[in-house]
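Here come two complexes built around chain A, the first alongside chain B, the second alongside chain C.
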Partner chain A sequence: MIALEPSIKNRPEFINVRVRRQDGPGQKPYWELHKIKYEREMNVISVLQRIAAQATTVDGKKVTPVAWDCGCLEEVCGACTMVINGRVRQSCSALVDRLFEENADEIVLEPMTKFPVLRDLMVDRSRLFKALERVEGWVPVDSYYNLGPGERISREDQERNYPLSQCMSCGCCLEACPQFTKIELTRQEGETEEAFEARKKAEYDEAFVGPHAISQAMLFNNHPTGKALAAERLEALIGPGGISACGNAQNCVAVCPKEIPLTTSIARAGRATTLHAIKKWFDR
Partner chain B sequence: MAASTQPARVVVIGGGLAGLASAMKLAELGSKVDLISLTPVKRSHSVCAQGGINSCNDQTRQLGDDEWKHLDDTVYGGDFLNHQPPVKEMAFWAPKVIELMDRLGVPFNRTGEGFIDRRRFGGTLYKRTAFAGATTGQQLLYALDEQVRRQEAAGAINKFEFWDFLGLIQDETGRCRGAVAQNMNTMEIRSFPADAVVVATGGCGLIYGRSTMSVFCTGSAASRCFQVGAKYANAEFIQVHPTAIPGADKLRLMSESARGEGGRVWVPRTPQDPRSPRDIPEADRYYFLEERYPEYGNLVPRDIATREIFDICVNEGLSVEDDRMCVYLDLTHIERSELDRKLGGILEIYEKFQGVDPRDEPMKIFPAVHYSMGGLWADYVKSADGGLEAGAPRNHMTSIEGLYAIGECDYHYHGANRLGANSLLSCIFTGLFTGTSIVNYAASQKSGANDVPQSLLDAAVKAQQDRHDHLLNGNKDSDENPYLIHQELGDIMTRVATVVRKNDQLQEAIGKVDELHERAMRVNLADTGAWTNQNVIFAKALQDMFPIAKALLRGALQRDECRGAHFKPDFIKPPLTSDDPVERRRQAEAWCDAFQENNEKYLKSTIATWNSSTNQPELTYEDVDTSLIPPRPRLYGLVGAEAIEEVWNERAAALAGNAQPAGSH
Partner chain C sequence: MSELTRSQSIFVRHEFAIRRLHSLLGIVPLGLYMCIHLTTNASLLNGTETFQRAVYYIHSLGAALPLVEWGGIFLPLLFHAILGVWIIKTGKSNLGSYRFTGNKRYTWQRWTGLLAFVFLMFHVLHLHGWFHFGPWLAVMKPLGFANFYPYNAASSLAMAMDDWAWGLFWPAFYLIGVWATVFHLANGLWTAGITWGLWISPAAQERATKVCVAFGVLLTVIGTAAWWAAVAPGPAEIAQARETENEMYEAALKTGLVYDMPEKRYEAEEGTEAETDGAEAIIIEETIIVEPATEDSEEEAETETEPSEPAS
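Our next item is the complex of A and B:
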């Protein structure tokens, strides 16, 4: 990574920020232009904080603060993911000085497009977490009592698993994936909360599970106790919306902020599911 | 209902390490859990913890370490304000906690042979700390998140993510019968009746505006309990972490593990030396921690490292930059591959946010508010062996019956200063340990979650709905903006209540914060909408920061001493000055007398109770259980430490009636 130019020429006095807003689910999106004072070492979070405090557009119109999600502000929680100048990424690590190198005139902020918008830059990513349930992304321990240490694990295995385990469920890979398409359902009149949740889950379960979940399946299949569920995970990946839905575009690995080797996981999953299918055929 | 014939129904508030460990354990014990969190639990603030988790282990044991020494380091590092029975229990559970997390799949770094690798952290001479790269908190949290998802799939846990806890439901006896929370998208407010409620909502760093904490760490959940009768303890004890990366929106943590792996803190001997750090020869560098603390070096406890960095910049004028205070934290002497393997995560953070590769160039760091040692007061039942009585319903119960506090928002474990890598331990430990206590409490109640009168639930919801509606519409003529008031509060608190505290400044700040509190109560919101209204959620959190801020300032004002993170230069105990052995001995005697006298007065927990008619906290003081390890002077690096220690050990031995020096086991 290159150090920031200590004296970026022509530092602007003000920053123009164009935000794609939406008042609620299913409503019509619209653009709004904000102008804030430039400060040293700003990131998109501090830009949005200034916009919230000022709550006035460039034309002096009083508006509601822009809604967005954020958490740790140091790129480990995944909350503040959005589309910035056309590229999906975390707003905390999107530094204003860098963004100027991409576009000197304005910063453009949009919500992710593969998830239903809740409001403004906030989206509903619950489908992403449901996919982790679909691949049973956990170690099926007997209990949470003290039963001594786990198995010894070689440094090699640890070094293979740790990068996969750093997935912060931000959704960048899903935003970039051509095979992962938006599902937006609305609760029907008279439908109970439970029935609506069940309908959503059924719909999600048919659709592409996503590279993040495939990678988690490989993570747990490479754990000494986790692999007890290896067959179940591979079954989930063989079914509809599983590994065969991947079109091998390789966008996921390109946008992953944690540089997780997602395509390596997908390749491993491909081989493992093939072997699993053959084995099943012989076991019939 | 005879509650014991049905599964306990428990509301857990907060989905960090403590909340998830609690929910998971309660599910195993057969409870039905409603888990309420402001954010998807996988995004909780625990992800920010970097360095590791402590326990004595096979390696350290063979060097003479044991659980008692872990306890000793913890209470000595905490300046003896820790409650020793819970700390003892934690130290003895620590190896088991790490083994459980190992079984759950946490990718701890491994030795060549495949054992869990360990590193050294501050305040100890042993390598107790297990770690997963430099993202240990994230990895531990994910392992618990996965188990909670598993329990959710099995129907034992119901998650309510993007729900804001607003208040407790209490019956006429004051007992907690559930919680009221709000959906942060639909803005629906509803009740969650329960047999018991667990608060696991972490620290209150946002009171300081910018800190190393995540945006959720407002302390508002604890405050909402405090304001309806839960006592709040040791509010003034706030850890300022020595090494953070200054930023406009957040002060990002640079883990202690950077020093644990050999990182060295220094400044150029010439103020603001214009040379690039790599061109400054060793002779022109001042490794001030190593020079001032030869034994612990860069790994002195956090409060000490913080004060020294502050002192170097503020009093000695040796800050690296002239317009901004910072010192170097240098890793460039360590092999790149080693750095990548053990510290990759945090080095990437520095690189991403500062645009400089810390493998090539020393990092620039400065202290930042990091952790709340204080929190909701909670009880415990001491066992015959000096630890905690397993399964006793009163363990971790707050002063409100049926309400439990665990994790960073309790107050027992870290005293006046927390040791690095003990927080992840205390969070997971309290979550696991309290499971049986909560279940036993629920089973002992005649009237349970299903028996809460509807009128009680309705009234609790209505009270919160009224507050909500008033905020949206009640202050139409006011021009108070919650974001600007938050900035003002943060500026005041950072100025007067961090590293150095002075009574005149605290007194003045109390007046200003009173005024700000009144202004915060009449904020006029830019957003009065009924959908995903973050403005009103933030306004409520802001208003609820004030009771904690007030308890903190008042506690700091009334505590005229130096203890751990609470440092008042006007009450410092001076080093010994004489070289004459007799006079030096006399000085050491006098020092010990003063120390003893001070302990009698101030070795107490500060207990705040909220008075809602005056809108002020009222403080009382409570004894600390120091029954296992007698308090002794904390002498890291003090001039004359040996003489003081000698006198002190003689006195302790005389008191104990044997020749065993204090603190050895």
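Our next item is the complex of A and C:
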């Protein structure tokens, strides 16, 4: 967490907040300027609460409250991720006093650009979770019977795995990745919900999985129980939109709020898929 | 439509293998070939003979040379370049929002790749001509392409560089092209190391960056030397080089070092090359200095002959 700033001298009286709004999926986005009274130790969530409470733009026009998403308010759930002053991050841990160091005039809030907008600052991150399903980012335990105590995990593996386990599926890495491009489908007339979901899944499954999913695959491939699915995960990474779609821009690791070594995972996945492909070639 | 989707799915199914092949071809043969090529060309700085010997060695492959050129260079290059353009289209640079070094390298890798593609296509056309096929060359040569004659390596190379826009266009084009290609190779070597899983930890990737930078700087020096060796010679040096080459050719032919392939010689005319070339050099110098005078004398000659025409 970023420390509070009690030493600031020139505190402003008001805060200008520019918000990129959108009334619904597929609608035209527009900008709105809001002005709220400055308070000490605000974060972007509390700024958004003030904006929602007054629901009036700087011109005095009454508007619907700006919609946003949030959950834990302590940077572990990832729900409140948005683009703040042009950089993707969590609004709960984006402190206003720190944002003034970047831009003293105003705070600019935008929804993430790589996911379909539901309304204002809320986006549909389901593709992110579909990617985790694709790489089977879990430990296969059915819990119908007692499996006994788990295998001992060496200290070395613990230290390698713990940082990867901190991923909160926020989507920062995907927002900053130049190889992860937006997919936004709209439900066609007469299409059932199931057919639409299937069409979305098919589309998502051929597109880039993203660094978060590659990293989770590497986490569970290095887990004593999780590695039972290692070959399946590598198959997924060799498949369409897998590891080879990475362009090595390394933005993911630079923007990750949890400082997860995503590019280390990507390189590890590169090595694992190389060996897996060679093994597969000679085994068949 | 079904044909299209089927071909797409074949590509998608084998995307991993195709992209690993793309990565591999960028290093071997293309990167390796580029190192050899630039070093060979830089050897021209040591003298016409050194370079000519190297070219003889390459052309000692004789009839097998086109196979090596196509199989080992052109086709891998086309595959790498065309797939590269497709790869560029799968991404969307966001350098404006995220000005990280890695992101700059990502974007430059794509721009230098495109530049290298354009450069190399024109470079091969300019000197090699793409196809050594009579009717094709009959069209391309007058257009100022297919200028390289392996048995007159240094002289035909230097002359080709002087071709367009008062000898400014090609040197500028080659310098930018060589630098872009060197960046693309050095940075591509680094990304390939990640792709194949050679360097994994951030510390290892940092060390690999240093090695790739050193490699890139070295190849830039070699490449720039090769460029300078090709663009520096003036008319007198070119004539001198041709004389040397023709002497070497006579000797090489006698000792069986080269094949008698007249199409690989500049103006494949028989006779005493040394003498004619010496004369040519003088003519070149004369035309440069005395050009206005000769034009005047021609006009005078015309006006003098005009009145006499009706009489005859």
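Operating definition for what follows: the second predicted complex is superposed on the first by the 274 of 284 C-alpha atoms of A that agree within 3 Å, B and C clash if a C-alpha of one lies under 4 Å from a C-alpha of the other, contacts with A are read in each partner's own complex, and residues count from 1 in each chain.
FYI, a contact is a pair of C-beta atoms (placed from the backbone, for glycine too) under 8 Å apart; a residue touches a chain by one contact, two chains touch by 3 or more.
Owing to the predicted nature of the structure, the values given are computational and were not obtained by experimental measurement.
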{"item": "Clash or fit, chain B versus chain C on superposed chain A", "value": "fit"}
{"item": "Touched partner set for A:Gly60, first chain B, second chain C, both or neither", "value": "neither"}
{"item": "Chain A as apex of chain B and chain C, Cα-centre angle in degrees (nearest 10)", "value": "160"}
{"item": "Which of chain B and chain C A:Ala254 touches, first, second, both or neither", "value": "second"}
{"item": "Touching partner for A:Ala245 - first (chain B), second (chain C), both, neither", "value": "second"}
{"item": "Which of chain B and chain C A:Gly190 touches, first, second, both or neither", "value": "neither"}
{"item": "Partner touching more residues of chain A, whether chain B or chain C", "value": "B"}
{"item": "After fitting on chain A: smallest Cα gap, chain B-chain C, Å", "value": "20"}
{"item": "Interfacial residue positions of chain A with respect to chain C in the complex", "value": "86-87, 176, 178-179, 181, 206, 238-240, 242-251, 254-255, 261, 263-264, 266-275, 277"}
{"item": "Chain B-facing residues of chain A, complex", "value": "1-4, 23-24, 39-43, 45-46, 49, 52-53, 55, 62-65, 67, 69-79, 92-93, 95, 118-120, 122, 125-126, 129, 132-133, 136-141, 143-144, 146-150, 152-155, 158-159, 161-162, 165-166, 168-169, 220, 223, 225-226"}
{"item": "In the complex, chain B residues that touch chain A", "value": "24-25, 28, 39-40, 42-45, 47-48, 96, 99-100, 102-105, 107-116, 132-133, 135, 138-139, 142-143, 146-147, 149-150, 152-153, 161, 185, 214-216, 247-250, 252-253, 341, 345, 349, 351-353, 355-357, 432, 481, 483-484, 487, 526-527, 529, 531-532, 534-535"}
{"item": "Chain C to chain A touching residues, read off their complex", "value": "12-13, 15-17, 19-20, 87, 90-94, 97-98, 100, 102-103, 105-107, 191, 194-202, 205"}
